[in-house]
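Order as written gives the chain letters A, B, C, D, E, F and G; numbering starts at 1 within each chain.
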């Protein structure tokens, strides 16, 4: 029982990661791929934050009367990772816009076909 | 810059400064100077925006306004309970209707307040607004009737009425 | 004999490698003016020959010569040192370069070849790498220059630039590079890993050869890795390379390149494995019989070829395997015979190629069947051809007699009667495919649609070519009567001896 | 404390219901409505959660939520108008 | 209680993710992604990561969603039926998932203070940083001082993204032409937007300068300020927005922000410390830290604001163009 | 003590109203009526809950920030609802009454 | 005065340079500035390399916070070597880019190009120097984002889809690394690499750590395009602007290989990875499949850039193979090949870019007859191609030599043989290009626009070509650095801490 209590968080997170990962590799539509990437990454972020959680702890901002703080290091890492993630998303989406303009479609199999014609 | 503009900008400056202080709650010189710089920067931006879109918005903070808000809160409570009854009761009691209400007599600045008030009060929803009419969708016809009674419209008209 | 005695002996090695390169560079600048270009060519060749003579002189006087260029890999250098086998090969190659250059001047002009500057330039570079192979002090150096030789001769093979030349070039490069990278480099590395040295050492580098299966494998890898030795089934490049202009075929594919191959095998047999140790290696016999089979099979193939150069090419394949067989017989006499065969075959075969080229320039004929009765038109060429053929066959009074004799003695000494039989049978086949050509040329009347009466040999064969043919043909004779200097040199090779 | 717990449970349930609406909507507008509701309730929930956890001083986050939710709504409406031609806005959404 | 909330929220996330997999309407997908982001930010709050929640709400839910919507406006909202089989991806995912589950089996239990992750490096941040760096917000201390180099890299990432989008989409020309765009017909929106934008801006600046004391800092501030201008652009149209904040200015600001950050680091060198060493910036190390952090946070804010806004401009200009045609 | 009781009442009733609105979201027949349900949670529930929370503070900065949240939500939620409804209407979504009318026309 | 800050300067210089470059609106100015910055970084890297060879590891605590609390830059021989390659190649590519970019990229995007290039350089340098696992992720993303931009700057629309695929794969890879780092952090509580090594050594075998390593290796494998995960690379390198291909092919994947080395050897320790988890077999098989599969695919490409891209994937196979041999010699061969491959692929892509510059096409048809029209470019292509094949006296030979020696030391005869046969395929694909360049007639002989590439492109190209030859002959610098690096990396991971 303690086994489940100890790990339930990680297991659901694994499920979320895999859902995102599945969208990335199975989707044909590029926008959906990017959404999948974001879900994948966001889920990884949750994993990190879970690492840093301390039961009974509090947000790592100094306050009177609070002795137990959660671990601030994963927070810092994920702050960075979030920004990195959105940067990648922005570039990816910009590429999609250009692909749409160049190919007239954002479905992966369709622009493959169009290049085959050249 | 004419007088009106100056008053306008000063009003914004004051509001923003108060906003900063309330948010911050720190009265260290360093943070205060940051606050001052921030407020100045934002006011400059406000000015720039007004110059581009020609739609300056002055926040109105007069007594009638607050009186109106208090009255509106009461209305919200009342109508909310009505809607709650509808939710829990039988859905047959719904009689959705759409009506146009005249707004020509309300000063332009306050029409938005009027429309938002209508929306905020459960049971009625402003769907569209133009120079003459506001289109209202209501859950029950009697909500429309109370609006047509014009109390809310008059109150709104009064707020800005004494200002312009 | 040594006009370079003023120089430090070891410098001669450097010079002999660098002089052809300098010559090649000068050729590039002299490119626009044919006379100057050819003067440079000949001058370079002569200077090189004198250098090699100087080295030979020092060798006889037991002057040690060695030089190291760079430390290439940890513990491995590009280094050169002189030993008699290399000197012998260098002498042959540099001497024949002079002759070939003379011949080539006539041939290339007579044949109106394109890109003559590139031709002479690559030629010089090829000779430079051959010199480096001759004097290489370790396997790595040998391998490096072996590869460079392949690359520098590739433009010569594809010289004609047509589709056929390209196909030939592709086969040439393909087989030579493939075998050298897949097998030779592998064998070199294997030697390095197991012996921890790549230096050529008299008596071999391995401590104990009999027990190791690895060394047995290495022998096979070396034999096949040195594709230039044209051991079957990796012989196809040699006939393919015949698309090259005849001087190339003559010098490179009768002398420099192929001999570099068998020279390498000999050198490895003597200095890596050690002649005495060879008999203990499990795969020696296997390779020996493959060599013997190549001797026979390619002789058979040669009899079926009508194209003269193709027949000569297969003949070369066959003769090369004599040398391989000689090296692998594990007998000092057979090794001596193999070494000597490098020399005698070189003179014989180059004569034959010169003749083939001369015929082509003069009459544009390539096939043997068209050469019936040609002896009346080109008597000098055909006499030379007969001399070369006899030398290859190994009949007195031609130089080839000696080398075949030693080989036979070596085989008998080792009780390899099959080899004896193979050598004999092969000589008979040589007779069958070489002698009919001069015989038919002289003793069969010409076909009616031959050249007009007024057509003369001297008119249509360039003079330089004729001179070259004369020189090599007479050399075949001379070497039968005066082989001693060469035999002396051979006897200096450790583990190799003409003494019974 | 109990009250706060009850309130947060209530808000959570409201969020769940709104989420259900957003997941399975008749029209795209219903979906937007659901999404909007999730957003506003999230802001409220943070406020309650601060009291629940004993550190109510992170209300800035709630402000940001409300703000972003609003901007998101406007963006949806704005860009929806561009692509409305793609399909009838009122039509039933397909889902497999 | 926190665990329970955590569980419920995670469950909601799981349902949302599942739904996204099967939805074909991309608008719906993006909106649900917005919800996903919001909910995960809630989880962050619940797990005490207030700074992260702040960022995720602003960046993940806000900016990413807006950009995705902008893309959809140009690419269409329907995903075509998927022709190829989903078997291989499913297999890959199952294998990966199985590997992860396998990995969880030796993980330290969730929330245990004795976990190695909370033991080695972290205690120093919690116990010493208020004295060493002098800030109550440990996240800011770690972010801006202990791991300032990460953060410099992060700023560079944002800058790189702006470069990428600029090179792909370009910036709108600043034009006087009043193209009929924006939500012109929405009177209510215009008025409300005009009222709250100044407040949002002041709020953003407040977040910028109070990152030391509570959740917030340069990243969040930059994003919120950019969001305010984005709101303006959405309501009043891009041409007007580009007149208020010129694209050219943004380019300069984006560069300046990174430079401000890096220059602070270099200043450390000149005062005899290591790169990004703030202790040497003032006679008192803690004061030095304070100066350094304020300056670099400012640099971050400027870059993030400019980068995010120029990225938005890039997308919006494309949408605007498509709309005109 | 009084404050706490008051706060409890406010919070509970706020929770009640928000649940009501959420249920309305499912119970009401069409989009426009559902907006009404949503506005219940947006307005009255928000007001009640935040007031309840304010009463639990020490009336310091926290209370002011809660007030800000309230003001902000009250300013933006109706605006969003209004914009949404307007979009829906311009997008061609019909109200129940209108649907009834068209059906009558079709029948008649 | 700044000497102690050198470990951080190769990162900080381009990082500061990038925004400055953006502010310099003029293309010429941006170019000059970027080149100077890059050149200065190169200078510093060389100093670092020499210092590390002399003194061992340099550690630099950023912000003055001692590790593991702060971020540490750790420069040792291994990463100083790769760093020199990266910064050196970057400088040459920037010189080269001036004209190639003029032609291939829209005028008003030039500044963006140089800015992105500097960012990419900063990212790659950061990955190499950092001693912190998470910091590595951040720099990985900087370089990746800049790379996506650089690839997509090409005018070909296929560059867009290639960049997108790259982005998706790259982000998946980065996220996998993030997961792996998270799992490591979970079990150790630290992110500093040295600290991680010491703390991981305390565990015998741990499922979380195993999974973490697996995810990191898969993530890095995507970034370095290890065989089944390489599909993003060929389109990206094919359609990217020439200068970008030249830079990326020589650096980006190599840096990823280094990251793999770092995680395997300095963090987990070879013992743990290879003996506990049996990674060596997996890597070995993948590497060999990569060599053969991708070399073979390269032989059938009609686009020369695609061909080179596949060749790159195959060459990465050689590096991984060296690593998977789990010996100091193997690792050294892998590192050496990182160095040498940068030289050859850089030169090849530059040559291809020069052809693209003149003919506007990278199709093999564009190479018809180029040997005469662009002699210097094609000569560069030839020499670099020979280096890829592994011909002696080129850098390629040296790495192949050490790779095979390393395999043979472990008695892996088959592997050694496969390495050598694998390089035969290189003969085929390089040979195809050379053949049409030198032997085909140009499709349009009257076209006079096709002439030798501009000097500014030729200079960097030839510097690389000469470096290929130089490092093929004088191997003392490259080999000793690689040797020192591998020895250093190969000591047990836990002992690395002692160096501090």
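The criterion applied here is as follows: contacts are C-beta pairs under 8 Å (C-beta built on N, C-alpha and C of every residue); 3 or more make two chains touch, one makes a residue touch a chain.
The UniProt protein names, listed by chain, are A = Na+/H+ antiporter subunit C; B = Cation transporter; C, G = Monovalent cation/H+ antiporter subunit D family protein; D = pH regulation protein F; F = Monovalent cation/H(+) antiporter subunit G.
Everything quoted here is computed from the prediction, not taken from an experiment.
Both subunit C and subunit G are touched by no common chain. If subunit B (Cation transporter) is disregarded, contacts among the remaining chains keep them together as one piece.
Looking at which two chains touch through the most C-beta pairs, you get A-E. Ranked by how far their CA centres sit from the centre of subunit D (pH regulation protein F), the chains are topped by C.
Among the chains in view, G has its Cα centre nearest the centre of the complete protein Cα set. Centres computed as Cα averages put subunit A (Na+/H+ antiporter subunit C) at a distance of 70 Å from subunit C.
Measuring from the averaged C-alpha position of subunit B (Cation transporter) to that of subunit E gives a distance of 31 Å. Note on chain placement: the centre of subunit E and the centre of subunit F lie 29 Å apart, centres being C-alpha means. Centroids built from CA atoms put subunit F at 16 Å from subunit B (Cation transporter). Multi-chain contact residues, meaning those touching two or more other chains, occur in subunit D (pH regulation protein F) at positions 32, 53, 57-58, 60, 63, 67, 69-70, 74, 77, 80-81. None of the residues of subunit C touches two or more other chains. Residue positions 50, 70, 72, 74, 76, 100, 104-105, 107, 115, 117-118, 121-122, 125, 147, 150, 153-154, 157, 160-161, 164, 168, 183, 188-189, 192, 195, 203, 213-215 of subunit E are each in touch with at least two other chains.
Listed by label, the pairs of touching chains are A-D, A-E, A-G, B-E, B-F, C-G, D-E, D-F, E-F, E-G. Interface residues of subunit G, counted against subunit A (Na+/H+ antiporter subunit C) in their complex, comprise 134, 137-138, 141, 144-145, 148-149, 152, 157-158, 160-161, 163-164, 167-168, 171-172, 174-175, 178-179, 182, 185-186, 191. The part of subunit A (Na+/H+ antiporter subunit C) that touches subunit D (pH regulation protein F) in the complex is made up of residues 58-59, 63, 66. By the touch criterion given at the top, residues 3-4, 6-7, 10-11, 13-14, 17-18, 20-21, 26-27, 29-30, 32-34, 36-37, 40-41, 43-44, 47-48, 51, 56-57, 59-60, 62-63, 66-67, 69-70, 73-74, 77, 80-81, 84, 88-90 of subunit D (pH regulation protein F) touch subunit F in their complex. Against subunit E, the residues of subunit A (Na+/H+ antiporter subunit C) that register as touching in their complex are 2, 5-23, 25-32, 34-36, 38-39, 42-43, 45-46, 49-63, 68-80, 82-91, 93-98, 100-101, 106-107, 109-110. Residues 3, 6-7, 10-11, 13-14, 17-18, 20-21, 26, 29-30, 33, 36-37, 40, 43-44, 47-52, 55-56, 59-60, 63-64, 67-68, 70-72, 74-76, 79-80, 82-84, 86, 89-90, 92-94, 96-97, 100-101, 104-105, 107, 109-113, 115, 117-118, 121-122, 125-126, 130, 136-139, 141-143, 147, 150-151, 153-154, 157-158, 160-161, 164-165, 168-169, 213-215, 219, 304, 311, 314-315, 318 of subunit E are the ones touching subunit A (Na+/H+ antiporter subunit C) in the complex.
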